[in-house]
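Here the chain labels run A, B, C, D and E in written order, and each chain numbers its own residues starting at 1.
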Amino acid sequence: MLLAKIRGTLVSSQKVESLEGLKFFVCEQLDISGKPLGKYIVAADSVGAGVGEVVLYVTGSCGRYTAATADRPCDATIMAIVDTLEVDGRAVYEKSTDTGT
Amino acid sequence: MLLAKIRGTLVSSQKVESLEGLKFFVCEQLDISGKPLGKYIVAADSVGAGVGEVVLYVTGSCGRYTAATADRPCDATIMAIVDTLEVDGRAVYEKSTDTGT
Amino acid sequence: MLLAKIRGTLVSSQKVESLEGLKFFVCEQLDISGKPLGKYIVAADSVGAGVGEVVLYVTGSCGRYTAATADRPCDATIMAIVDTLEVDGRAVYEKSTDTGT
Amino acid sequence: MLLAKIRGTLVSSQKVESLEGLKFFVCEQLDISGKPLGKYIVAADSVGAGVGEVVLYVTGSCGRYTAATADRPCDATIMAIVDTLEVDGRAVYEKSTDTGT
Amino acid sequence: MLLAKIRGTLVSSQKVESLEGLKFFVCEQLDISGKPLGKYIVAADSVGAGVGEVVLYVTGSCGRYTAATADRPCDATIMAIVDTLEVDGRAVYEKSTDTGT
């Protein structure tokens, strides 16, 4: 799993039927200090996330292993919103104090 | 899923039978500002896309999870044409105003 | 499989149901001399590992092939704690002499 | 799928049984202008390709989705020989005029 | 599939049960001229390989498609020992003349 911040949304009216009803987020990968890495991915949401949140996403076949994405062509799926990230004994991210900037 | 612009086509007469009838596009990956990244992939089409369009594609086993590519050796499949891409509250791509250049 | 040192933990209260009960570790990849590579991954634990330990983890669909992670959306899973790592005939890592620094 | 030029062959007498009878080619990845990228892969052949040819190959689980490689441990499989590659409206590769140099 | 030279071994007493009995090798990836690339992977053995040998390994789900690794969490598996590697008409590696240095 990788960390990301949701930066935006993607809308598509012409797509394969099995993707109907899914929400797609533009996500930027974060390193373990919470800094953006300049790498992005478009991920399907399975957990009710929103723009600006720090999330955990899976890639590959695991992207199909959530209730929302089962048997759908989703190779990247957000499956958790991060509350706290602690590295080397220090909290590097806490949702409760995240100003969203 | 990743963003790409369709740059061209690939034709092959000598291929495995299970690929008969599929259309293959040469795609260049885009970043979230819509700029080309210089990385390419050849993807099967499952959505009726065309050269010049900005699309969303999946890789890996998910490439087989569309009606067009089921159980075929497709590790990259276009499954959506992008209408709008919004990042940090701004529209960075809109199909309706895309001049195709 | 890749080598990593467990650097921290990740907590999420809002996640897909199938992840309930799993422990997530922030892991930094090591090279074969045991040096950190600056690349990280968040991995589910299936073996009772702890912060500071050197572990082996799998990625991709194999992340679902442990008792703890079966059919769950885990694309990175710790499945062994490293005792010894021997390269070119020399021990480059031994758990018994690891000071955890 | 990715483009490659077949640069050579690999022979192995001691291998898992399920690989018996497969032909392995050393392939160098090409970019969309047909230039070598300096990255290589060893791919199983499923289409009757030969050294010097420009081919399309799949990676990952799709490598097992051809008649020749079904249920075999092949994570890279050649499944098409390229006739023409057209990018931005120009033919960047044509098999009929390929001198093999 | 990728080429590698076996550089060492990894021992773990605390691991998931399904890995019992497997041998793990530390492998360094080689390019097609047989030179080390400085990238490593830990791979399970399915073919009776030994330290110093040049081997072929698979990654991803294919790692589970050998008799030794079936349904086990192995995302990298050695499934062939290389006898000869011929590139551009020249033998770049021959096991029979390999001095193991």
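A few notes on this one:
Note that contacts are C-beta pairs under 8 Å (C-beta built on N, C-alpha and C of every residue); 3 or more make two chains touch, one makes a residue touch a chain.
What you are looking at is a predicted structure, and each value in this text was computed from that prediction instead of being measured.
Both copies, subunit C and subunit E, contribute mostly unmatched positions to the interface they share, with under half of the numbers common to the two.
Distance between subunit A and subunit C, defined via averaged C-alpha coordinates, is recorded as 21 Å.
One simple way to say how far apart two chains are is to compare their mean CA positions; for subunit A and subunit E this gives 34 Å.
Residue positions of subunit C touching 2 or more other chains, listed in rising order: 60-61, 63. If touching chains are joined by edges, the resulting network of the protein chains shown is one closed cycle, each chain touching exactly two neighbours. Around the closed ring of chain contacts, the path that opens at subunit A and continues to subunit B reads A, B, D, E, C. Against subunit E, the residues of subunit C that register as touching in their complex are 1-3, 31-32, 46-48, 56, 58-63, 65-68, 77, 79-89, 92.
Contact residues on subunit C toward subunit A in their complex (touch as defined above): 7-19, 24, 26, 28, 40-44, 60-61, 63-64, 71-76.
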